[in-house]
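Shared chain: chain A. Partners: chain B in the first complex, chain C in the second.
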Partner chain A sequence: MVDSQDMVKKVFTQKSARIDTNKGENYYNNLFEKAKQRLSTLKKQAPLKDIDMVDVIETEGINRRDFMKWVSGTTATLMLPPMFEPLVAEATELMNRVPVVWIELQDCAGNSEALLRSASPTVDDLLFDVLSLEFHETLQAAAGHDADRQLEDAVEHFKGQYLLFVEGAIPMANNGMYGTIGASGETFHEHLMRMSKDAAAVIAVGTCATFGGIPAAAPNPTGAVGVMDLVKGKPLINIPACPANPANMVGVILHYILTGQVPELDSLLRPKFAFGYRIHDNCERRAHFDAGEFVEEFGDDGAKNNWCLYKVGCKGPMTFNNCSIIRYNEGTNWPVGVGRGCIGCSEPDFWDKYAYQRPMAGANIKAPTGGVEKTVDEFGLGLLTATAVGIGVHAVASAVAGKKSEHNEEE
Partner chain B sequence: MAKKHLVIDPITRIEGHLRIEAIIDENNVVTDAYASSTMFRGIEEILRGRDPRDCGLLAMRICGVCTGTHYQRSIEAVEHAFGVTIPKNARLVRNLMQGALYVHDHVVHFYHLHALDWVDITEALKADPKKAVAEATKWASVSGQLPFNASESVYKQVQDRVTKYVKQGRLGIFGNAYWGSKGFKLTPEQNLIGLSHYLDALEIQREIGKMMAIFGGKNPHPQSLVVGGVTCVQDIKNPARIAKFKQILKLARKFCKEAYLPDVYMAGTMYADEALEGIGGGLGNYMCYGDFNLDDLPFYDSKKLFPSGIVKNRDLTKVYELDQTKITEDVTHAWYEGSTNLHPFDGETKPNYTGFGKKENNIAYLDTKNKYSWIKSPLYNDERMEVGPLARMIVGVAKGDERITKYVTTFLKNGNLPTKVLFSTVGRTAGRAIESEMMADIMMEWCDELAANVANGDLSTWTEFDFDKVSVDTQGYGMAEAPRGSLGHWVKIKDGKVVNYQAVVPSTWNAAPRDYKGRLGAYESSLIGTKVANADQPLEILRTVHSFDPCIACAVHIIDAKGKELGVYKIDPTGGCRA
Partner chain C sequence: MKTLNIVERIEGEAKLVCNWEDEKITDAQIQFLNFRGFEYILKDKPALDALVYTPRICGICGQAHLKATAQALENIYESVNEPLYITDKAKLLREIGLNIEIIDSHIKWFYLFIMPDIAKLSKDEKYLKYEAIKGESWRKGTYAASESIKALAVFAGQWPHTSYMLPGGVMSDPTLFDIMTMQNYMDQTLHFIEKELIGDEIENYFNFNNISDFDSLNGALSDFIKLCLENDFHNLGKSYNSHIVLSKNYLFESGRIEIKNRQSVDLSLVKEEDINSFKMNEPRRDNEYTWAKTALYNDKPYETGPLSRALISNRKLIKNMHKEYNDSVLTRVMARMDELIYLVFITKKLIKQVDISQDSFIPPKLSLKDIGTATGISAVEAARGSLLHKVTLENSIIKNYDVITPSVWNLGPGINEKYGIAQKAIIGANSLEKAYIILRSFDVCSVCTTH
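Then we have the complex of A and B:
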C-alpha cells in the first residue's frame, strides 16, 4: 500500500499532472493560511466521536512514518504542494468532526460497494473511526420507521454541518412517481430536496447522481436527472465515474475538512485534483499510442503485447479522471490494464456519446510519430491545455444556452 | 386485540428500494405480507436499438452488487444468439470472476447485511473474551476446523474498539436498531464472535474485490468481458497474477471454513427451534437454471457445477427438467398495463403507476387488492418458484449431483441436523454458507487449470466472428445463476441492433407480489406464520426477508417485445426523451 502511495506521489507531482492546477505561490499561500485557520476552528469543536485519531492511526498497526507517507501521497493526489502535508495530516485526524449522511436514489449501490472497497483509509476505519456516518441504507442496522427517525435526527442534530452524499439519479417524469422512499411514500425528488436543505455541502457520487448516468441514457424512460439539475444555492461537488473511485470520495472529504470549502472544480463541478487531466495523459499503454502500435482486435498479437486500445474503442483520450494513476481495488488493476479500454464513465452522457468497441469517429487524435518518453509528457500537456481552453469556452456557451454544460471531446 | 398493520420502508441492508407490509394477529403472528419495490429505471428500454456488443456494459449496471453477473449473462445472451463458443481461457477466467463474486457476495451478505438480524452488538460488549475463544473453538470444531480467531486479546480489542464507539453517544450506522429485542438469541460470547467476524469480513471482502479486479480491471463493475471471450491477456499470461488470485482465494477459503460455516452452525443451533418448525420456509418450490461450465462444449451442452432443475413441494425425491419456454411473467399486481402472462421473448408491458392506496397519519399504505409493486410476478409452468443458493443446493441434491450432495450432507451430518431444517430461514442462510465453501474449494482447481493451460502455450482469449453476418436476424438467451439465484437475459437482434431485451432476475422471482391467481411471492409466502417478539421491533421479519439477500434494483425493469415497432416505439408516458 505504502509503495503504491509512492507511485501515486511520483505521478501526481510530474510536470504534466501538476500544470493544470498550479495557481502560483500567492494562491497556495492564501489557501495555506485559510486551511490553518479552518483546522484550528475545527479543533476547537467538540468531536462527534470521542476518539483520538492519532491513537487510532497508531493502534491500527500503522506507524507514524507510514502514516506520513500516506499523507504525502494524498497531498499530491489533492494537487497541493508539499507544504500542505502537515495540514493534511491534521485534517485526517479531524475527519471525525464532519458528519456524513449518505442517501440512495435511482442507484445500483455500486458506489456504496466501491466505498466498501476503500483501502486508504480502510473501510473499517472509515466506518468506526474516521467518518461520522450517520445514515447509510446499505450498511445501517435500523430499518423502517427507526431508520427514518435516525435520518431525521441526524439532519436535525447536525443542521448546517453535515455532508450529504447522494448516490443515484432522480426520476422526474410523471411527478417523480418512479421512485418513492419511506412510509409516507415521499418521492426521491422530495427526499433529496429535504435532505439537502440543511447540508453544508452536497456530494454527488457516481455518474447517476452527477449526470443522470444509466437511467438517463436514451430514451431516458423515467426522466432521470443528476443532483446538480435540482439542488441550487449549495456547495455541490460531482464525483462521477461508474462507480466513483473511493480514493476520490475520501479525497473530497479530506479537502473539505482541510479548507471548509469544496475543492477547485471544473465546469462540470468535478474536483480538478481528480478530474484535471485525461486518462490518456498517464496511461501505461501511452508509449504504444505514440508509436502507432494498436490492438486491432481483442485477442490479437497487439493485445498479447499490451498495445494501445484506442482502435478497439478506448475513450481514454476524451475522458477526465485519475484511474490511470490510482487505479482500483488498492491499485490492483484498471480497465486499460485488463485490455478493455476506458469507456469514458466519468463524462456526461457517455452511454449515448460513445460506442464501446469502436473508436470515436472524427475524434481527430493523431499520434505523433517516433514518440519517446520525453515527448509523451509534453504531448499530454499540449492536449490537456487545449482541452482546458475548450472546456472554458464551452462552459460559457452552455451557460448562455442555459443548459447543462458539457465539454466536447473534439475540441 | 385487533390485528396490526406494519409498514417497513426502507428495508435497509439490501440493494435497492424495498417496502414490506405485514398484518399481524393478536399473538403477533404474521397472517398476511406484501412485498413492494418502489423504484424503477427501465434499463431494458434503454438497451433497445443499441449495438448488441455494448449491452453487457449497460446491462451490468442493473446492479452494483451482483455486478459481474449481469455483465456475463448479457454477453452470453449475445454469444448464444451469434453462436459463438468462447475459448478455454475465457471460460476459466469468467468462472473465476463469477466464483469470486459468489464468495464475495455471500460473505458481505451474511456479515454486513444479515448478521445484525442474528447478532446483538450491545450484548457483545458484555462478553468474556476468554470464553469467546472457547465458544469459537467449539463451533469451528463441528467441521473439524480451528477457529478463525483463537486469541483472547483480539476479542478484547474488538470489544474495546466498539465500546469506545458506543460510549461516544452516537451510534452511527448501528444507531436505532432493535438492540435488546427478545428476538435475539445468541449469548454475549456468541455475539462477540459475530461482531468480531463482522470486522474481519470487512477486510476479507476488500481482498476478494481484488480477485475480481485482477481479471476484471476493477470491482464493482469489471470491464474485461466481451462478446467472444475476455480481454485480460496480460493478466493470465503473468503467473504472478494467477498466484496473487490464488493467494487471496486461500484467505477467503480459510475465512469460509473457520468463521462463516462455524457461525452458521452457531446461529443455526441457537435458532434451531424456528428452523425445525420451518419458519421462513415459504413456497417450497425451488428452481435452478444451472451454471458454471466445466468443459468447453458449446452453449447449454456442457457439464455444469450447478445442475438445472425444479423441485416442488419440498420433495427431494422428484426433480423436473428445466424448460425455458415455460417461463412467463404476470403483471396483475405490478405497476404495468394489462394482465398478460407471456414468455420473456414475447412479453409486452408499459408502466401504469397507480400509486399507494389510503394515506393515514403521513403513512401511505399499498393498494394490495390492485397493483402495488414495480416487480412483476414470474411463473414457471404457471407455478411460483423460489431461487437462490438454497435452491441450487436442493436441486443439486435432488438431481444426485455428487459434489453438491457431499457438501450438503456433510453440513447436515456435522451439525447433527435433519434435512428439513433446510426449508426455513436458517436453511436459506445455511445454503449460502455451504455454497461459499464449495465454491472456494473448486476455484482452487480452476486456478490450476488456467495456469496449466497458459503454461501449455494456449493464450487464446477470444473467438473471432463476423458481426455483419451473425447479427442480421437472431435471438439468444444467457440463462444461468447469479449469487442470489436464477438469472436470465433474453435478447432479440435485427440488422446489428437490439430490438428487444429482457432480464428476469433472481429478486424478480423472490420479491414478486401476488400473481393473477392471488398466489403469494416467495418473500410474502415466507413471512406467513412468523411470530414477532415485539410488534414495534419486527426483527424476525427482517431476518427472513434478509435471508433472501434482496437485490431490488435488479428486480425492477420494463419489457417490450414488439420488435417491429422499433423506431416508432415511444415509452408511455414519456419523460425527457432525447433520442
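Then we have the complex of A and C:
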C-alpha cells in the first residue's frame, strides 16, 4: 500500500489540469486595455433594447452595494483580478448590445428552468430585462407563427452577431425522425445547422447539448449526439452539467461582452474559469477525505457528521466543475451539501460511466486527466479493503500518513 | 379548412393540427414530435441507477419522478415480503419536496403562460402587466417561483434534478436552521399569494364559495376570472368530465369520478396503448402522428390533474364552480390555483412537523441485488396529475421500466373512435387563440408527454 497521505493529496490536487489563475501583470494589463476598448465600441452601438441596467437596478430596489457585491463575485468567477470589477459592471450595462437566440432540441428544459433562477440581482432583471434575448421558445411573449417569424427575423437581422445557445442533444438515427421542429418539420439537425450558420458563437448548455447527455446513454436509442459533433468552423463553448449552472452561462456572456472572444477553453471546450478544477478540490468535505473519514453507508454516523462521500459513490475527484464554489439556486446548496455525492454530470458519458452509487474504485473509470486517476482508484480501493477488514478509519489514516509504527506502539 | 400551428412556451413544442368548419374546430390533433426513449435507456441498468435517470425525464417535475422511482423500488421490497420502514421524517421530506416543486410549477404556469395569453385577448391597458418578460406581474411571478424553489434546494441540494431520495428514506439531514430557512421561503410564497394572486388573506380565501367572492378583490385571480367570462372560457374547454387520481397524500385523495360517483381505483386496470403513436424502429403508418401514447383506465379515457384532485378530494370552491361550469377552462385553471394555495398552506405545516431527531434513512436489510427478480409499481401526484412508474427487475437488473406521465392521460391521442382528453376539449373552439388557451389549461409539457 502506498504509505503516505501526501500521495493522496498530491494526486488529487495536482496542478496539471487546473487553470492558471495568475497569468501575470502583463497579461491582465493587456486584457484590461482590450476590454476597455471593446466596451467603448459596444457603447457606441445602439442598444437593441431600450431598457438599461441602471434603471432596472433602481426600479427593482437593488442597492448599489448589492450590485457591486454581485459584480465582484462575478469577476472572481471569471477568474479575473479585482481591477476588472468596474469593467464587469459596465459590461453588465451593455448586455443589451448582444443578441441572444436560445433554441431547445432533445432536452428536458432543465437548463431553461435553471436559468430562470440565476444569481441576484435576479436573472429576470439581469438577463431578461437587459439582455437582448431575441428568441427563447419558453420564455418569450410570441407563440405560434409569430414565434417562428420572430426567430427568422432575429437570425436575419443579427447575422454574424448573435450568440446561439443550444439546449438539448441532436437525434441522428433514422434520418433525425426522433426530433423535428416548427411548422415545416425540419429535423433538429437541420435546425441546428441553419441557426448556427450565422451565429457569432455557439454555446452548448447542459450535458445533452455538449456531450449527448442522457438521450445518448446506452443504447442511445435515438442516436443522440452533442453540438460539437456537428457544428464546425465556429467558436463553440460547452457549458456541461445537468443542469448547467446559470452563473456559468452569465459568465460566458459577460466574458464575450468584455472581450469579444470566447473564454479560455479546456480540451472539451469548457471554459476554464468554470471547469478548470475539480469538485473535489474545493469540497467542504475534503478535510474528511484527507483524514480518511468516509460515509460507509447512507444514514450511518459518518453521514450524520458530514464525512466524505467517496465510498458511497461521490465522483467529485473525477469531475471538473465549479459547483462546490458556486452551488445551485443562487448559492442555496449543492448535492454534496445534502449528502448525496457528486454524479459527475459535467463529464462526457457520465450516465454510463459514473452512474449512481457506484464507487469509483470498482467502476474502472478512465480519468479525464489521463492515467493518474487509476492510481487513485487503486489507492481508493486500498482504503476500502483496509477498512473492510476492520483496521478502522483512524488507523488507516494514520498508517497512510506514515505514522504506522507509533500507532502500533500505542495499541 | 385545415390549419397547422406550433404551440410554443410549453417546455418543448407541440403541433396543433385543426380542421375547421363554419369557423369552428371540428377535429384536432395534438402532435408531440420529440422523443428520447427513456424506457429503452433504463433497460439493463442497475436498479438504483433509475434514481438518477428518471428525474431527468423532465426539467420541471423531476421530484415526482424521483419519488415515483424510490417508491417503485420500495414496492419491490414489499412484493418479496421485506417491506422497508420509512421514518416519518423521511416521508415528510419527500412530500414537502414534491409539494414545493408543484408550487413552483403552478406559479410559473399561471404567470408565464396562462395570464400573458389570456391578457392578450383584451385591449384594456390594465392587463399589460401580465405581458411576458416585460410585465410587472410576469416578473413578480418568476421571482416568487424562484424563491420558493430554494426551500427545496435547501435539503435536496439543487433544483432541477435532485436525487436525494432512495429506497429506505432520504439522504439529507436538515438542521434546525435549514428547517427555519425553508419556513421563511414558504412564508414569502404565502405572502406573494395573498398579496398578488388572491388579493386577500388566506383565511378569508378558505371561506370563499364561488367566483363572486372575487368580485371586490384586486388580485390576479380576479383579473383571470373577468377575462374568462369575457371570452367565454366558462363554457369552453369541456372534455369528458371523468376524472382520475391514482394516489393520495395530505391534500389529495385517490379515486375516480364519472358524472358524480366517486369510486376507488385499482392500478392494475391502468394501461397504455400506442395505436395512433409512433413506434421505435418501425416504419410509420398513416394513422400515427405523435410520440405520446394513450393512457386508459379500464379502457376508458380520464382527465388527471388539479381539477380531478380538487373534485375527488371535495374541495369546496372548486366543487361549487364545477357544478356551474363543469370541466371548462375557467374551472380547470382555478382548480390549479386553488391547489397552489392549499399546498402552500399545508406545506408550511408539514415543514413544522419534521422531527430532526429521527433517522433520515434506515438501510434495507436486503440489497436489491439479493432480490433478483421482482416487479414494483408506484403512483405519485405530480404537478400535472397522476404519474405511474412500473419497474421489473431480473437478476437485479432493470428488465423493463414503464412510465405513464400525467400528460399521457391528458394529451395523448384518442383511440377506438374516442378522442383524447385535450383533443375533445379543443373541438368546438372558434378561434386559434382560444384553442391555445384550452390546450394550455392542461399545463402542457411536451418532454414529459413523450419521454
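Just so we're on the same page, the second predicted complex is superposed on the first by the 336 of 411 C-alpha atoms of A that agree within 3 Å, B and C clash if a C-alpha of one lies under 4 Å from a C-alpha of the other, contacts with A are read in each partner's own complex, and residues count from 1 in each chain.
Operating definition for what follows: contacts are C-beta pairs under 8 Å (C-beta built on N, C-alpha and C of every residue); 3 or more make two chains touch, one makes a residue touch a chain.
Just so it is clear, the model here is predicted, and its values are computed rather than measured.
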{"item": "Clash-or-fit label for the pair chain B, chain C on chain A", "value": "clash"}
{"item": "Which superposed partner A:I325 touches (first chain B, second chain C, both, neither)", "value": "neither"}
{"item": "Partner chain in contact with A:M172 - chain B first, chain C second, else both or neither", "value": "first"}
{"item": "Partner chain in contact with A:K304 - chain B first, chain C second, else both or neither", "value": "both"}
{"item": "Partner chain in contact with A:I214 - chain B first, chain C second, else both or neither", "value": "both"}
{"item": "First, second, both or neither for A:G223, with chain B first and chain C second", "value": "first"}
{"item": "More chain A residues in contact [chain B versus chain C]", "value": "B"}
{"item": "First, second, both or neither for A:L258, with chain B first and chain C second", "value": "neither"}
{"item": "First (chain B), second (chain C), both or neither touched by A:V338", "value": "both"}
{"item": "Chain B/chain C common contact set on chain A", "value": "104-114, 116-117, 122, 124, 128-129, 133, 137-145, 147-148, 171, 174, 178-183, 185, 188, 214-215, 217-222, 224, 242-243, 297-299, 303-304, 327-330, 332-340, 343, 351, 355-357"}
{"item": "Contact footprint of chain B on chain A as seen in their complex", "value": "48-51, 104-114, 116-119, 122-124, 127-129, 131-150, 153, 171-174, 177-185, 188, 213-225, 242-243, 297-299, 303-304, 306, 327-330, 332-340, 343, 351-352, 355-357"}
{"item": "Chain C-touching residues of chain A, taken from the complex the two chains share", "value": "104-114, 116-117, 122, 124, 128-129, 133, 137-145, 147-148, 171, 174, 178-183, 185, 188, 214-215, 217-222, 224, 242-243, 297-300, 303-304, 323, 327-330, 332-340, 343, 351, 355-358"}
{"item": "Of all residues in chain C, those that touch chain A in their complex", "value": "4-13, 15, 33-38, 40-41, 43-46, 48-49, 51-53, 56-60, 62, 108, 112, 116-117, 131-134, 139, 142-143, 145-146, 149-150, 153-164, 166, 168-169, 171-173, 280-281, 359-363, 432, 436, 447"}
{"item": "Complex contact set, residues of chain B against chain A", "value": "7-17, 38-43, 45-46, 51, 53-54, 57-58, 61-65, 67, 108, 112-113, 116, 121, 161-162, 164-165, 167-170, 172-178, 199, 202-203, 205-206, 209-210, 212-224, 226, 228-229, 231-235, 237, 351, 353, 355-356, 359, 362-364, 459-462, 464, 538, 542, 553, 558, 570-571, 573-579"}
